[in-house]
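Below, each structure is written out as C-alpha cells.
Two complexes come next, and they have one chain in common, chain A, joined by chain B in the first and chain C in the second.
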Partner chain A sequence: MAAKTLTIDGKQITAEEGETILQAATEAGIKIPTLCHLEGVYDIGACRLCLVEVTGTPKLLPACTLKVAEGMEVSTDTERLRKYRRMTLELLFAERNHVCAVCVANGHCELQTLAYSQGMEHVRYEYTFPKWNVDNTHRLFGMDHNRCILCTRCVRVCWHIEGAGTKNVSGRGGKSKIITDLNQEWGDSESCTECGKCVMSCPTGALFQKGSTVGESERDRNKLEFIVNAREKKQWNA
Partner chain B sequence: MAKRIVIDPVTRIEGHAKISIFMDDAGNVADAEFHVVEFRGFEKFCEGRPYPEMPGITQRICGICPVSHTLASAKAGDAIMAVNIPPAADKLRRLMNLGQFVQSHALSFFHLSAPDFLLGWDTPPATRNVFGIIASNAGLARAGIRLRQFGQEIIEILGAKKVHPAWAVPGGVRSNLSAEGRARIKAWLPEAYATTDVALEIWKKTMKTHGREIQIFGNFPSLFMGLVTPDGSWEHHGGKLRFTDSSGSIIADQVDVTNYKDYIGEAVQNTSYLKSPYYLPLGFPEGIYRVGPLARLNVAEQMGTPKADEELKKFKKLGRGAVTSSFLYHYARLIEILASLEFIERYMDDPELSSDYLCADAGINSLRGVGASEAPRGTLFHDYTVDRNGLLQKVNLIVATGQNNLAMNQTVAQIARHYVRGNDIPEAMLNRVEHGIRCYDPCLSCSTHAVGQMPLHVQLIAPDGKVLDEKMRG
Partner chain C sequence: MILNDLIAVKEKELASQKKIVLRCCMAAGCISSDSKGVKEQLEIAVTEAGMQDEVEVRGVGCMKLCCEGPLVAVDPKNELYVKVTAENAPSIIASLKGGKANVEQTDPDAAFFKKQLSIVLANSGIVNPERIESYIAADGYLALHEVLNEMSPKEVVEAMTKSGLRGRGGAGFPTGLKWGTVAKSPGAKKYVICNADEGDPGAFMDRSVLESDPHSVLEGMAIAAYAVGADQGYLYVRAEYPLAIARLHLAIKQAKSLGLLGAGIFDSPFNFNVEIRIGAGAFVCGEETALMMSVEGKRGTPRPRPPFPAESGLFGCPTLLNNVETFANVPAIYRNGAEWFAGIGTEKSKGTKVFALAGKIKNTGLIEVPMGTPLRTIVEEMGGGAPDGGKIKAVQTGGPSGGCIPSQHLDTPVDYESLGKLGSIMGSGGMIVMDEGTRMVDVARFFMEFCMDESCGKCIPCRAGTVQMHNILDKILKRKATGRDLAKLEELCDMVRNTSLCGLGQTAPNPTMSTLRFFRNEYEELLQPDTFGAGATHSQPVTK
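Let's look at the complex of A and B:
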C-alpha cells in the first residue's frame, strides 16, 4: 500500500493509504477527542467530537471517517474546533436527562470526562427534560434512555462483534431511540445472547449491569478490541 | 385591627421557612404558624428509577443529613431484596450514622443555637451567630467546629466524601474501615470527649439561667416516638418503634417499621409544603408527637453506654414522666453526642469492621420495602414500592422535621403568646420565636445557607393584605 505524507498540527507524518486521520494522528501521538468511536468496530462519524479543520476545505470533517491524502494539512486543536466541541457536548447534555451526581457511570463516563477536558463549564441551551423510560426487564442488564447519547456503539458491537443484531435504532432526530429487536422489551428479546458487549461499549450510564449503584459502572473496553484482534488478526495476546 | 406578623425567612436553620404570627384586635397573639416554603418533589421524580440508585438520589434531599437518607434508603433496598445484610455492613452503617449524629448535633448546638443562649437573646443580630461566639470565646468555637469535623471525618473515612458519599447500597456497603481510618478516629476521640464535656458543663449553667425558656419554649404534653432495641434501649439504626405519652407510659411498643402506616397518618395543610404526620389512633391533631433527640431519650430506658447513661438519669429527672420542654432538645443532643462517641469507641476495638464481606446479593424478593433509621432530627422512613423489574412505582418519605411540624407550630405559638404584644415588634422577641424552631434543628431542604448571612424579613400585614410595617435585617 502506498504511503501518504501529510501534516497534522504542523507535524509532518507518514500514514498508510486507507488510514483515517484519527488513526494517523493516534499513531503520531496526537490526541483527538472522540465519543462514538470505539476500537474494534467501524466508525460512523456521528458524534462530531473528532471534527478537524483541513486547509482548503471550508467544512469541518470528522477525523474518524476522513481518509488520509497526500499533502493534506490538518488542524485538530483550533479555537473554532474547541468552540464547536463544547457546543456539541452542551447539546448532548441538553437533549436528555444527564444527572452525573447520581449516575451509575459517574467518574467513569466518557461524556462527563469529555465535558471536563473540553472546558464545558455550563450548558447554554435550554434543557429539554424529555420523558424517557428505563428498560429494566432484562435478567442481567438495564437500559436508561435518559442517559443515551445515540452513539450507536451498542448497535455496532451487537451486530459486528457478537453478530446477534439485537440492538437497533428507531425513530428520527432527537426522538431516535435504541431498541431491542422489533422495539420489544429487552427481557422479551429472543435474539439477545446476554453477552454484555453492549454494556461494555456504552460510553455513558445508559446501559448498565442491573443493580448498579452510583459510580459503579466501570467498563473494560479492551475486551472488545481483544475479541476483534483475536478473530481478525489471530492475535491472542491482549 | 387583627393583623399578621411574618418572619421570613427563619434564620439559622437548614432550609427555607417562614413564621406567621396572627394578632387579634386587642393586639394579642391569636395563633402562629410555621410554613415551609420550598417544594422539592422527590417522591414524584424518583418514580421510574431503579431502586439501587435510590441511596444516591435521595441523599441529595439534604446536605447536612445525607447519611440519614442514604442509610434509610439502603435499608428500604435491603427490604426489597429481603436479605439480612452481612454483620460487618450493619456495623459499618451504624458507625457512619454515629459520625452523622456527632457532626449534625455539633452543628446544631455550637453553630446554630448556642449564639442565642450563650451571647443572649438581645445581642444584635450582626454578632448573634457563630462569628460572635468566635469573637467572645474562640477556644469554644474552635472546639465545636472541630467536633463537627470529627463526625464528618468518620463519614469521609468510610464513604470517601463528607457530603453525599456513594457508599451504602441495598444489601450492604461498598468498603470497610481501613486500618489508617481506624487509627485516625481513635486518636481524635479524646478531644471529642473533652469538647462534649465542656458543652455539657455550659449547658448545665445555661439551664440554671434559662428556667423561663425551659418553661415556655415548647413545653406541652405530646407523644414521643423513636426507635428502640428489643430491651428498650436507645437505638439509631435498625430496631423497632416505640411511642410513649407525656406521662412516660408506653402506648405502642416494638412496632415493625414496615407497619408504620398503622400508627402514623399524614395530614396536609394548605399553608405549608410540609405534611403533618400524627399518631393515627388518636387522630389529627390530637395525635401530635415529637421525634428527635428529646423523643429518643424519652422513649429509651437506657442509652447502653456508661457515661451517657449517667447523663440520661439526670435528664429524666427534668420531667415528671416524660421531659416535655423542647428547649431541652439541646441537652438531649449533647447526651446523644456522648453516647455516639462511646459507641464509636467500642467499634474501634471491633475487628469485624475490617471484614471484606460487605454486601449481600439478591434479586427482587419483595415488591415493597420500608427502611427506617434515626436521623439526628428524628425517625426517617423511606417506603418504596417497585415493579417486578425493580423500578419504583411509589415513593413515600416521612422525614423527622415533618413529624415535628405540629409541635413546632405549638412551640412558636406558645413563645409568641409570651413575648409578642401590640404593634411594636422588637427584633429580640422575634428571635425567641425563631429559636423555638431551632430547638428542633429542623432540616428543611438539601442545602445549608451561610450562617448569619440571611436577612430576616418581618412584615406587619393587615387582614386585607396591606403591609402596615416592614423591617429588614441582614
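Let's look at the complex of A and C:
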C-alpha cells in the first residue's frame, strides 16, 4: 500500500491508497455531510450530499466513492456546494411527508440534523404530499414509506450484513419504494430474520420499532391510582 | 472457414443473382403498413407471370423514406414504388415486361437520397438481413478476416484512432481511445457490449440498422473484441424491438454455423461469442453502468464513475461498450482504410451520422449524411421543409438530453462541437422538426415528463428535481406561475445538471435550458406578475 499525499480544503493530508476521500477527510478531522453513507456497508454515491469539487475535473464527485490520488486538490465546503446541499435537502423534504413533530425519529433524525447543520430553514419547493402507506404487519417493526428517503441503507444492510435479502427496491423515479421479499407485507415475509438491522440503519423515521411511535405512547394512569390508594386508604392491592 | 471459403460463398451468391431484383422493405416501419402482404403478392405475381428464373423478390431492410412505405425498388430499372399495396403487385410485375405500372413512384435521384452518404446504411435496403450469404456477397466479414490475419490487436486500435471515429451513442467519445484503454486494462477476461437500448422519443436509427444489416454490427463487435482482447460479447437490445432481436438471433446462428463467430474464427486462435440480453423497458438502462447492472441480472441503476467500464465494467472486468451505429461503422473502416474514413466529415467529427428525421417535416425517414452537413440541407432540401407550406421553427436533436435549435441557426453544420455550442447535443440521432404551431414550453414539459418518468430513483437531484421542474413547467403552462417560479426553475436546472449521478439526470434540464435560451419570451408571456415581495433566499448555515 502506497501512501498518497493530497490537499483537502487547503489542508495537506496523507491517505492510504484505496481509501476514499470521505475516509481520508474524516481521518483528518474534516467533516463532509453524508446521508446514504453508512459505516460498514458499501457506498453507492446516491444522496449527492458528499459531492466535492476536484481541481481539474469539471464534474462534482461523491466523496464516498472517490478514491484518493496523489496530488489531488479537493474542496468540500464551497459556496456552490453548500447551495446544492441545501437544495438537495429541500427536494427531499418536499418529496414525501416529513413531519418532524409527529415522527418517531424526531431529535434523532439524520435528515433533520442535516437540515439544521446545512442551514435549510424552509422549503421553497411545493410539497407533493404523496399518499404512502405504513406497513405495520410485522410483529416487531414498522415501515412508514412517508418518511423514506430511499437511501437504501436498509437494503444494503439486509443483503450484505445480515445476508437475508429481504429488503429491496421496486418501481422507479419518485415512485420507487422499499419492498419486502416479492412486494409482500413485511409480516408475511419468510426471509426476514427479525434481526432489526434495517431499523438500526435507517437515517429517518421510516423504519421503527413498534411501541416507539407517538400514537403508541400511552400513559399508565393505574400506577398513580395505586399509590394514592396506598397512601390515603392504606390499601396495597393493585 | 478460410478466406477461400468466404470468397466461394460470395461468388456463389453473386452467380445465383437473377436479372431483375425487386427489393421489398421488410423493416418494422413498412411491415406495419403490410409490406409482408406486398412481398407475398409480388412472389405470387412473379410465379403467375412465369418469371421465376429472371426475377427475385428480395426482402431487404430499410429503404429510408419511411413516410412513403411500403417501398419496393426495382433493379436495374432504378424505379422506386411508394405506398405499395398488395393489390399493386400484378401491375408492378406486368411493367417488368414493358409499360408502366399504375403505382405511385418517387424519384430515387431526389435530394432526399442523393445528399446521403451511406457507410452505416450501405447495405440497408440492399442485402437480405435474414441471409448471411447476402451480407457476404456485399464483402461482409472480409474486414474481420483481414484484421485477424494481417493486423495485431495494437494495429487495429491504432487504425481506429487514426480513423477519428467518435462514439455514436451521443457523447462522441473517441472510439480509438476507448478501445485502447480497454486493450491496456489488465485482466484475463474482458467483454464487449453493444448498446442497442435506443430510447430517445422519435429515434429509430439503431433499430433500422439491426433490422436491416445485423451482420455489420456483429462483424464490428468481433473486430473490437479482437482489438481489446475480449472473447465474450453481449448485445443489449430493448424488448420493444422484437424484429431486431429475431434477426440478431438468426444472424448469430448463421455466423456461428459458418465459423464466423464462436471458437477459432477464420482458423485463428481468436474466439468470440455473442449473446443477446433483452432490456425490460427502462430508458436509464441505455446508460452504460446501468446497462451492465442489467446484463448482470441486477436492478438497472447507474453507479458513479470512476471506475469507468474500461477499467472495471461487467462482472468487474474491463469492458468495451459501444453503440450500434459505432459498431456498424467498424467493418467499413477496416475494409476501406482509416484514411478513407478520416477523409469524410469535418476536422473533429469524422465520417457520417445517421438521423431519424421526424416531426413536422415532409419526408420523414432515415438519413445518413457526412458530418458537417448544415442542418438546413437536412431539413429543407432533404426533408422538404414543413408540410403544407408551414414554417420551421426549431429542430430538436439529442432527445430528452438534447436541445432545440431555432431556425435562425439552421446553417449550423452537424458536428459534435457545433451542436454543443448551441446548447444541444449530437445525441444518438433523433431529429424532430417543429413548425410554428409548436409551443416550446410544451416541448420542454414533454421532455421533462419523460425524464421524470424514466429517472431510476437512485439519486435525489434527478428523482426529486425532475418532479419539481416538471411541476413548475406545468404551472407555467397553466398560467399560474410567476417570475419567482421561473427563477426557481433555472436554479433547479443548474443544480440537477451538476449534481445528478448519471447522464440521464445531468442532461435532463437540457431541453428546458435550451428553450429558455432561445425562446424565453414564450415562457415570459405565460407568467403572472409577482404579487408579493422578492423571492425567498437562503440565509447562511447556522453551523457547519
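Following the convention adopted for this analysis, the second predicted complex is superposed on the first by the 213 of 238 C-alpha atoms of A that agree within 3 Å, B and C clash if a C-alpha of one lies under 4 Å from a C-alpha of the other, contacts with A are read in each partner's own complex, and residues count from 1 in each chain.
Criterion: a contact is a pair of C-beta atoms (placed from the backbone, for glycine too) under 8 Å apart; a residue touches a chain by one contact, two chains touch by 3 or more.
For clarity, every value in this text was computed on a predicted model and none was experimentally measured.
Student: So, A:A164: does it touch chain B (first), chain C (second), both, or neither?
Tutor: neither
Student: Could you say whether A:L92 touches chain B, chain C, both of them, or neither, answering first, second, both or neither?
Tutor: So A:L92 only meets chain C here.
Student: After superposition on the shared chain, which partner residues are touched by A:V102: those of chain B (first), chain C (second), both, or neither?
Tutor: first
Student: Applying the touch criterion given at the start, work out whether A:V41 contacts chain B, chain C, both or neither, answering first, second, both or neither.
Tutor: Neither partner.
Student: Is A:M72 in contact with chain B, with chain C, with both, or with neither (first, second, both, neither)?
Tutor: Neither partner.
Student: Does chain B (first) or chain C (second) touch A:R82, or do both, or does neither?
Tutor: second
Student: According to the contact criterion defined above, which of chain B and chain C contacts more residues of chain A?
Tutor: Larger number of chain A residues touched: C.
Student: Check whether A:S212 is in contact with chain B, with chain C, with both or with neither, and answer first, second, both or neither.
Tutor: Touch status of A:S212: first partner only.
Student: Give the list of chain A residues in touch with chain B in this complex.
Tutor: It is residues 101-102, 104, 106, 133-134, 136-137, 142, 187, 210-215 of chain A that touch chain B.
Student: Please output the residues of chain B touching chain A within their complex, sorted ascending.
Tutor: Interface residues on the chain B side: 48-50, 52-53, 55-57, 60, 164, 166, 169-170, 174, 389-391.
Student: Give the list of chain A residues in touch with chain C in this complex.
Tutor: Of all residues in chain A, those touching chain C are 31, 44-48, 51, 59-62, 65-67, 77, 82-84, 86-88, 91-92, 94-95, 116-122, 124-126, 128, 149-150, 168-169, 171-176.
Student: Note which residues of chain C are touching chain A in the complex, please.
Tutor: Spelled out, the residues of chain C in touch with chain A are 282, 284, 299, 303-304, 306, 452-461, 463-468, 471, 488, 491-492, 495, 498-501, 536, 538-544.
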